[in-house]
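We just call them A, B, C and D in the order they show up, numbering each chain from 1.
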Amino acid sequence: MSKIKKIAVFTSGGDAPGMNACIRAVVRTGIYLGYEVAGIKQGYQGMIDDNIENMSRHSVSNIMQLGGTVLKTARCLAFKNPDGMQKAYENLKKRGIDALVAIGGDGTFTGAERFSSTYDIPVICVPGTIDNDLYGSDFTLGFDTATNTVIEAIDKIRDTAESHDRLFFIEVMGRDAGCIALRAGIASGAEAIMLPEKDTAISELIDLLEHGAANKKSSSIVIVAEGDKNGGAFGVAKLVKEKFDFYDTKVTILGHLQRGGSPSSFDRILGSRMGYAAVKALINGDNRKMVGLRGNEIVLTDLKEALTDHEFKLEDDLMEMSIILA
Amino acid sequence: MSKIKKIAVFTSGGDAPGMNACIRAVVRTGIYLGYEVAGIKQGYQGMIDDNIENMSRHSVSNIMQLGGTVLKTARCLAFKNPDGMQKAYENLKKRGIDALVAIGGDGTFTGAERFSSTYDIPVICVPGTIDNDLYGSDFTLGFDTATNTVIEAIDKIRDTAESHDRLFFIEVMGRDAGCIALRAGIASGAEAIMLPEKDTAISELIDLLEHGAANKKSSSIVIVAEGDKNGGAFGVAKLVKEKFDFYDTKVTILGHLQRGGSPSSFDRILGSRMGYAAVKALINGDNRKMVGLRGNEIVLTDLKEALTDHEFKLEDDLMEMSIILA
Amino acid sequence: MSKIKKIAVFTSGGDAPGMNACIRAVVRTGIYLGYEVAGIKQGYQGMIDDNIENMSRHSVSNIMQLGGTVLKTARCLAFKNPDGMQKAYENLKKRGIDALVAIGGDGTFTGAERFSSTYDIPVICVPGTIDNDLYGSDFTLGFDTATNTVIEAIDKIRDTAESHDRLFFIEVMGRDAGCIALRAGIASGAEAIMLPEKDTAISELIDLLEHGAANKKSSSIVIVAEGDKNGGAFGVAKLVKEKFDFYDTKVTILGHLQRGGSPSSFDRILGSRMGYAAVKALINGDNRKMVGLRGNEIVLTDLKEALTDHEFKLEDDLMEMSIILA
Amino acid sequence: MSKIKKIAVFTSGGDAPGMNACIRAVVRTGIYLGYEVAGIKQGYQGMIDDNIENMSRHSVSNIMQLGGTVLKTARCLAFKNPDGMQKAYENLKKRGIDALVAIGGDGTFTGAERFSSTYDIPVICVPGTIDNDLYGSDFTLGFDTATNTVIEAIDKIRDTAESHDRLFFIEVMGRDAGCIALRAGIASGAEAIMLPEKDTAISELIDLLEHGAANKKSSSIVIVAEGDKNGGAFGVAKLVKEKFDFYDTKVTILGHLQRGGSPSSFDRILGSRMGYAAVKALINGDNRKMVGLRGNEIVLTDLKEALTDHEFKLEDDLMEMSIILA
């Protein structure tokens, strides 16, 4: 591996709050340590389209507090075939870019791993996704902000949940992973949480709600991860209503508002640390690794290992608390 | 009309942020001016059930910042027939309550008007509903907070609206009145607003979106009032998708989170002024009137006049701005 | 007056939330109606320095939710003398600008009035200042957001106000006008409000606090406008502490955080309406007028009249409520 | 140690957001597992005054989202002498309380350690303080919320920081520990951070600011921890102003607003986990231990070890980032 001179950073896949803090840290750390830094727009698509700009300290001023990503993001099918990759490589080469920091989810990591192996260009990945479903980091970038957004929404709904006959179903993000649903459910005192990881029968849910009604609960809030098998919040609401006529049911679909918003302190610090660490890792000669948070420290994990199929498990104590504390 | 000694306050119909500020003002103004004040729980239902408590200055401490209503609210069919009213009257009489402040929407006002006429008990009404659809006040209690809640949600969604093929449909409250949709749409820079007051054809909406796409808008946000004839946000999204294949559509249903939340400064001040003015009006011998905000002043309107069918019109300049500024 | 072809907009004096909504409305309304629109950076200074750019619909995209002003603002002594004005006029003429929209406070209005009279260039002013101290409008742009910012801060302080011996002094903006202090004080349930408009003796304040302590209030919050004669929050705290040893006093100086923040729905709508109305007024041939909100309608007032010395009075009912409800 | 039947929980020292989540978890976990649970009001003072109530699942409903602590807190000198402790012990005995969960800072821990040793009553401590200055846990309860509160305030101030001659000094909590200042400073992109842990000479600060001014920074934000040796934000501002006449300086003292506010998701989850773990630990026979978060897991540390003098060190990478990224 030759000595690095110019690092490029990009975001890919779904955007997540905190990505801008990470971009800023890559740019400023790189420049501070004597490297040139470029920003690639719209992820792999921008690599292919040569949508690339040189970055200065000033070009990342005043972006840390913004949601989304200033480098934009896009899905890119073309990068999955050799021609697309080749085009991308030529653009990087033309611009003297000899190292990459990729911010995104597992799709992003897979592309980065393949590209780096094929063209011998060093890459460090940063886990940026609100879903918190990646191996190698206790928390992904954006998860903390998303969870805060969800509990603020539920707090408001609870304000209005007063008369005995109201039952609220709130659908939150999480197609395969129930991290947001589980944490937001506990943090907002939800009466029940429907997770993709756990098959909750509708009859079980109704038992729980009847038990609450018997205990004179004046209202109940049920969190439903979008990946729930009963068809999301509307699906669950419909099934409950068929068998449990008592309640007036209300549905909220939080949708994409969970992706946005100014990043929390946690995500700004996490993004900054990860961006800083990614540049340091490249300089140290690391390659095809992801940075991650373990405890209060940044660690590196081989992309190969990160991308191996890991059984993803929700925290045991949180699972138990979701029942005990509800 | 005999001299008033004891005033009771209650909330009825849908809850709205700011109701607690109003309750607090009624209690503290009444006591300050030498009257006893009681609180009736769950609106007309509590009147019938004798769910009534004497209030002190202290009993309304630290409630102004809370969403919802500490006196609760409920629908009450029993109050619509003479027996229910008679029972309610007897409970008030038994407790020495000889004047009422009713906080709620037009259903609440109708009940108050009939009850006051039948039993010769003075009543002043306060317009408390997020929908801003009442005659006699520029703004109803709760509308400002609800609109702020909606624009904060849309601001977050806009953060994530970056790739060219995204189209967001956001459903907001408003079965018959598009006040929230119109104001929130303008205040968040929505590309289109679907109002119950105005029949927007789907073809018209698609023209607008195609125009935006042609102008390289990378994303579009469409606000849909729940009373829209096409079936709310999901209905509109489905119809658009059938004809306009290009976009990836995303739906958010804000639902009851619009009713909750800590009241804005505007609603706390409005609730305080209206509660204060309602007590002053009772003392002045006013009866069967509603308090309202006109400009920066509190005015009284006869309930009869307020309850007559008025054509409700959205502001002309706002309607024009919703097109010009989008 | 010749027919207008090109309108320029600028912000001057202290920035206020909602200015961006107003700039956006001026630009989009002007362009929609067939005019060219330019933006002048840093107020009168930019006029003198020829720091002026043509604006397009796109150049004001996605700015409505931002605090501050994208056109920047600055104090400008040079504009007070004839040479500065002459230079400014020449720059406008060179660029074909033949009408102005000025957003700011009374200093801004004074400059605009003089400039317009001297050079016969039509100008419409928009009241943009968080202080709400201008004649001709019930509310100025930014006041609603600032008041919300203050009550959110006080709500947090109240959370922690629990032990009997705590007394909090919170200094809010308002050198000459107590609008923010009065409204925020009522809206947050402050125990006392120190206004520039009203001489509250320290002995009076101590009586009030002792009364509260006797009534077992566990804590007290005192709002102090920065223009208070006792030396702001630190001054009042010191004087109270000398005579009233009982309490542990804590001081918060909110300072410039009151100027910032994403504008509230109220200020976004107000800014949009005022910008829209300012352009309409120019087109109608109005000159040297300010737009203002009266009730729910936009009205025009002659700048001359607006700039005459008016006695500024806080609302009577609010003044009384600040005592009764505390 | 005899078998536990009844656990009491209390909060002591400064309040912190998340304490209510912890109280709720102690109560619900205890009851779920078959124990009685009592709540002691106002910390050690309430133990001495017998200000103790039995808690039910219902008594902790709807408290998780509240700032402060529903059990109140107070300083208590009387507990430091044997008579006070003896009185406290008798009250606990009388009520059948045979185990304690203490939530607070190191003063709270010291009292708990001594009391438990003297009277052989098992106690588990939970680190609740916004200062994040305790050994045995990566994060203390309340720190995350406080840091978010600070960055939201700074974000607003940055909105208004536009003209070249503005310099903002913002004082944040931290008498001995600069955790809040360091993290909030990085997360808000502050130009300089004055920490109690590090002696920054005023001349050094001025160099930095002059460097920024030379680079055409239009404004600068300096975070000052209250424990800074130059006299807090006002002290630093005064010293800078003496030597660096150029700038218009503005001071904000955030004060106690940093302690309040609805807890973040992180603090709600942390409080819930710690309360749950404290009860589990008591049941397992643990004694005189504190619960703490290490990575994503809850761990126990002996109080003796926790209370030994540890050198407290800010994270190395954060210290470096505070310079590189500014």
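Simple rule for what comes next: a residue touches a chain if its C-beta (ideal position, glycine included) is under 8 Å from a C-beta of that chain, and two chains touch if they have at least 3 such contacts.
What you see is a predicted model; the values in this text were computed from it and never measured.
Chemist: Computing the C-alpha centre of each chain, which chain sits at the greatest distance from chain D?
Modeler: Relative to chain D, the chain whose C-alpha centre sits farthest away is B.
Chemist: So how far apart, in whole Å, are chain A and chain B when each is placed at the average of its C-alpha atoms?
Modeler: Here chain A and chain B have centroids separated by 36 Å.
Chemist: Determine the centre-to-centre distance between chain B and chain C, using the mean Cα coordinates as centres, and give it in whole Å.
Modeler: 28
Chemist: Taking each chain's centre as the mean position of its Cα atoms, how many Å separate chain A from chain C?
Modeler: 39
Chemist: Using the touch rule from the top of the page, what residues of chain D touch 2 or more other chains?
Modeler: Each of 155, 158 in chain D touches at least two other chains.
Chemist: Once the touch criterion is applied, which pairs of chains come out as touching?
Modeler: A-B, A-D, B-C, C-D
Chemist: Please output the residues of chain D touching chain C within their complex, sorted ascending.
Modeler: Touching chain C from chain D are residues 15, 17, 42, 66-69, 72-75, 149, 153-163, 168, 250-261.
Chemist: Residue numbers of chain A touching chain D in their complex, please.
Modeler: Checking each residue of chain A against chain D gives 21, 24-25, 28-29, 32, 61-62, 64-65, 138-139, 144, 147-148, 150-151, 155, 158, 183-184, 186-189, 262, 264-266, 268-269, 272-273, 276-277, 294-296, 298, 315, 317-318, 320-321, 324-325.
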